[in-house]
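A, B, C and D label the chains in the order they appear, each numbered from 1.
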Amino acid sequence: MKSRGKSKASKASTNGAADKQELLELYRQMYLIREFEEACGENYSKGFIRGFLHLYIGQEAVAAGAISALRPDDYIVTHYRDHGHALARKLDTNRVMAELFGRATGLSKGKGGSMHLFDVAKRFMGGHAIVGGQLPLAAGLALACQYQETDALTLVFFGDGAVNQGTFHETMNLAAVWELPILFFLENNLYGMGSAVDRVRAGGVDFYPAAQSYGVEATVVDGMDVLAVREVTDKAVEQIRSGGGPVFIEAKTFRFQGHSMADPAKYRDRSELEYWEARDPLKTFPKMLTEQSIATDEDLAEIRKAVDEEIIAAVKFAEESPQPSMDEIFTDIYA
Amino acid sequence: MPEITFRQALQRALDEALENDPDVFVMGEDIGKYGGAYAITSGLLEKYGPNRIKDTPISEATFLGAGVGAAAGGLRPIVELMSISFALVGFDQIVNMAANIRYMSGGQISVPLVIRAPTGAGMQLSATHSQSFETWLAEVPGLKVVVPSTPYDALGLMRTAIKDNNPIMFAEPAGLYGSKGEVPDEYYEVPFGEASIQREGGDITLISYGHGMRVLHTVADELAERGIEAEVIDLRTLNPLDMDTLVSSVQSTNRALTLDMARRTGGAMAEVTSRLQQKTSDWLDGPIVRVGADDVPWPYNRSLEQEVLPQAKDVLAGIESAYGL
Amino acid sequence: MPEITFRQALQRALDEALENDPDVFVMGEDIGKYGGAYAITSGLLEKYGPNRIKDTPISEATFLGAGVGAAAGGLRPIVELMSISFALVGFDQIVNMAANIRYMSGGQISVPLVIRAPTGAGMQLSATHSQSFETWLAEVPGLKVVVPSTPYDALGLMRTAIKDNNPIMFAEPAGLYGSKGEVPDEYYEVPFGEASIQREGGDITLISYGHGMRVLHTVADELAERGIEAEVIDLRTLNPLDMDTLVSSVQSTNRALTLDMARRTGGAMAEVTSRLQQKTSDWLDGPIVRVGADDVPWPYNRSLEQEVLPQAKDVLAGIESAYGL
Amino acid sequence: MKSRGKSKASKASTNGAADKQELLELYRQMYLIREFEEACGENYSKGFIRGFLHLYIGQEAVAAGAISALRPDDYIVTHYRDHGHALARKLDTNRVMAELFGRATGLSKGKGGSMHLFDVAKRFMGGHAIVGGQLPLAAGLALACQYQETDALTLVFFGDGAVNQGTFHETMNLAAVWELPILFFLENNLYGMGSAVDRVRAGGVDFYPAAQSYGVEATVVDGMDVLAVREVTDKAVEQIRSGGGPVFIEAKTFRFQGHSMADPAKYRDRSELEYWEARDPLKTFPKMLTEQSIATDEDLAEIRKAVDEEIIAAVKFAEESPQPSMDEIFTDIYA
């Protein structure tokens, strides 16, 4: 763990108790995301969840590692594959599920759905479904942090496909010129829908060198290793808070399922999937915890039990929640 | 006549064009290896290869503009947008480039480009993914805008579109891809600028396009049960607009209703209605009734979305209040 | 009352807001060191510094979206577009992001954002630089669209816009920047959604907005010489739309004409006309006359461009043919 | 001259006569552009030319050097500051001036104006006024060249300000992924309107390193040295024709006047202008020609005389040309 350097997790290792709680919390979050997504899949088949549904399964270590490094006053902006980020930010599981069910108790009263999760109290600013469209918004939130002279920052998640939108280029440039407190977090899961990165992007499968061409410090991390993600994020956050301007992090990761429920993912071969499944953080991380006797099997079983109940409760909550009233059609258009 | 789906009709039109004209190629996001988000292009990569079935990066502005350039360079590109909602990130290339380049060059350049995209709401995709921007593009001189409502028209209009030497927005109501209809094996085309009278009647003229036609036919059936004969007209192309067919129909029915499945305000029927009242005010027994989706962003929740969408009951209520029918 | 120009009115509104509210800042291309393409922001950098007067790269999509984000983050940004024609490269950020984010978040977010831009043709800037996209944005729920026609309204409406908690497209007819009008020194605001009756008359209602008002006043003068009293109405805001004022005027004049300085097809008056006929068909002596720019791309040549733009003669001819006046 | 390596100009120096003709032609073109622009300025003041007018004065060596390296079947696409490129491509001087005057004899019948010069017969595809908007168009023309299996290419000019548009990023990427035969030619005149490059762009005043991040070969050249421009363009053209995919050239140059006729250019200080005026190709190039006794003062005087007459004739032609008929309003909208 020492080798992990400045990350809170390792700092904490001087204090076993705190460290353990934090590590178990990371496990809890990843397991919560995994099981939540599985539940979404089921309820999509049952017809409770409709529209486009994009599962985060396989990428849990990124959301858990990155978001755990933030403060409550930091902003988070993400794209349509947003359940993992929302849960890592501790948005209410019931209300997230209720939103997917389109119920009145949902975070957006059932008006936004899976792709548009928002919780302004937690500075979780969506959930955006136009690829690359969330990047300028994030720059604006970072500008607000800077203008208000706080040391809060904005963390924006996006995918490898989004890098091919002009907004990526424009936002990187603006953030660098204005030295905005923004952390660009690329979740490179190697595919944008059915398009393997190298089929649609010049300059190979690594993105961080391109980010450096904007004069932005850029680094790459193993997105299947939650502690590694946490560590690079801690570093980046520190640097941004101290006025160092934008930082770019590329996490190498993989989505285990199709792009959306409509996608059987025929464009990938089994072996590639197996390579990544072997790195499944929900296998490797608990293994590390027990092997390094940071936690016992009982500790982990307890966590899983609590999460399973939380999700059953969330589905029940969503199912039993009322549909929004028809009047809601005409509300929330103007302030 | 054999029945095929709206999707199959489009697939046939694309396959034919690729087969018969080496200058025709298709590009868009995930149209090749993935087979297309709505599977309109599935199988084409295998048949025609990556040179003619081109997967693009998620860079709409650029592959739309590249479509204009390729067309100006002598090719006949068919560009697929995964959704017409995504046209906005490339809107400048459609509205300022594709539509204006011929005029700005004094007629030196022609742009035989077909932009295909699913359009419309109703699938719980919420605010950003349920748009109907064909209504805006129909107002841009230099573009033509086509919206079929049947497999027959989808095939016939797409054939015409691919042969046309102008930039065309070919909007496909996403909800209709699975719908079936009769399509002859013999070759035919459907010309632009000719509205189709899908049902004849002398009591009231009902006008719409795209997936609005289904609603109108339901309405016409209901009216028929009450002995009221409605004439049901599908515009088929929003630009060129066939006002003559509409005007002569209204002159014989003396009543008219227009339906937009898109938002009422600024929908295609705003223009149609305002032109129609200018040409038929002496014949009309009352105001032209307008029905359209509510002026709100599209909600995700199913019941809310369905309520925002115009229903037969809304159309019937409109007719009732204006003409007491 | 002191006379000032349209430009000075806008400058005063911006200066006031920057003076009184530290959350207000301005960003756009060359608004600072250069002083603004139309000099609306000249002097502001010197007075308020680079933190509040921000020059941006030529990245409309991104600084428009950043405006939305800054507003969501608690600031009150005023974003200048050098021309409304350039809004297209950032249209997604206005239409899909600024307008929808409140609805998609179930009302959690408000976006107090003012987007300012010169609009309209008439300066020989040709096809891509003479657009009037306020007509499209007026159809987007979640946005408000303002177009002043006098220095008095420019100041009063801009004050209201900056205080409003919603995203606003504030379109400034470029041809009017140098025009003069009376503006009181005492503070006042002009509310949204209230059309202004600029001239009263009982014989015909003439409706337009922005630089269309000048044409209507010329027409009204000509009609007056023939003893015909025209009521001249300026919409001032395209959304919200004040139909009540229009309807009651037409109910007393029984005649109506709408004028778009933008292209006729799909112009703001398509919607206004079609709504008006629904509400006044029993009062009208004839069809509502629509006059607008020809449905062509804007040509560079001066005589051609002037001919495409609606002239008083076109309006008079329309009135003549519809009402024999 | 030998030191200039592979450029045609120097190859030709083994053959004095041919070389001399070519060098004199480059001088003629640069002088033609300079004098043409001066005439435009006058006629703008006189009100014959209206709308936005952007002069090319100071950048002549770029258009002359780059375009002289092309074949007739290569495409050229540029932005609104397009007179220089049009004249270097030998578009008819009379018809260019007539277009600026908005006359029926103009290249676009007076419908396009200064910012929209087109001559399809010469594969000059505009003249585009939306910053960055011409880049995707150029990619499409390059795609046509590739699809038709010719070895023709597309040369696209753009400014330093256009690099900040998303279309630059997207087009660089697409061109690289598809290995399009396209030459990206950046005229870095250090200002986008009133914005000095370093105030609006991250990564400093050099752009070519950023271009390399797309895996595109990129080089920089002194845009005030017509032979240097010609040389790098020759190299690039050779490489593209042989199937090497896109190349990026950055020419450092300067516009001696304001952005447009409306701009007094107060944002630049005298000394900067003087630095560049000292490098004015219309001073340095003829000086070199005579010093290296490639040409005599008489040769050059003769050229200037012919050009002066050509321009007087062009203005006369434009002035005497008829206005387009009103019917032209409704033509050229649809094919």
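Some notes on this structure:
To be clear about the criterion, a contact is a pair of C-beta atoms (placed from the backbone, for glycine too) under 8 Å apart; a residue touches a chain by one contact, two chains touch by 3 or more.
From a predicted model like this one, the values you see are computed outputs, not experimental measurements.
Averaging Cα atoms per chain gives one point for each, and the point farthest from that of chain D is the centre of A.
Looking at which of C-D and B-D shares more C-beta pairs in contact, the answer is the pair B-D. For the pair chain C and chain D, the distance between C-alpha centroids works out to 38 Å. Centres computed as Cα averages put chain B at a distance of 30 Å from chain C. With centres set at the average Cα position, the gap from chain A to chain D is 47 Å. Averaging C-alpha coordinates per chain places the centre of chain B 42 Å away from that of chain D. Contacts with at least two other chains are made by residues 56-57, 59, 61-62, 85, 88-89, 92, 96, 103-104, 126-128, 141-142, 296-297, 299 of chain C. Among the residues of chain A, those touching two or more other chains are numbered 108, 110-112, 116, 128, 130, 133, 164-167, 170, 173, 177, 199-201, 333.
Across the interface of their complex, chain A is touched by residues 164-170, 172-173, 176-177, 199-204, 209-210, 212-216 of chain D. Contact residues on chain A toward chain C in their complex (touch as defined above): 75, 77, 106-112, 116, 118-120, 125-128, 130, 133, 135-145, 147-148, 166-167, 170-171, 173-174, 177-178, 331-335. Interface residues of chain B, counted against chain D in their complex, comprise 25, 51, 54, 56-57, 59, 61-75, 77, 92-93, 96-97, 101-112, 141-142, 144, 165-166. By the touch rule above, chain D contacts chain C in their complex via residues 50-52, 102-103, 108, 110-113, 115-116, 128-133, 161-162, 164-167, 192-195, 199-201, 262-263, 267, 323-324, 326, 328-330, 333.
Residues of chain C touching chain D in their complex: 29-30, 33-35, 37, 55-59, 61-62, 85-86, 88-89, 123-129, 294, 296-297, 299-304, 307-308.
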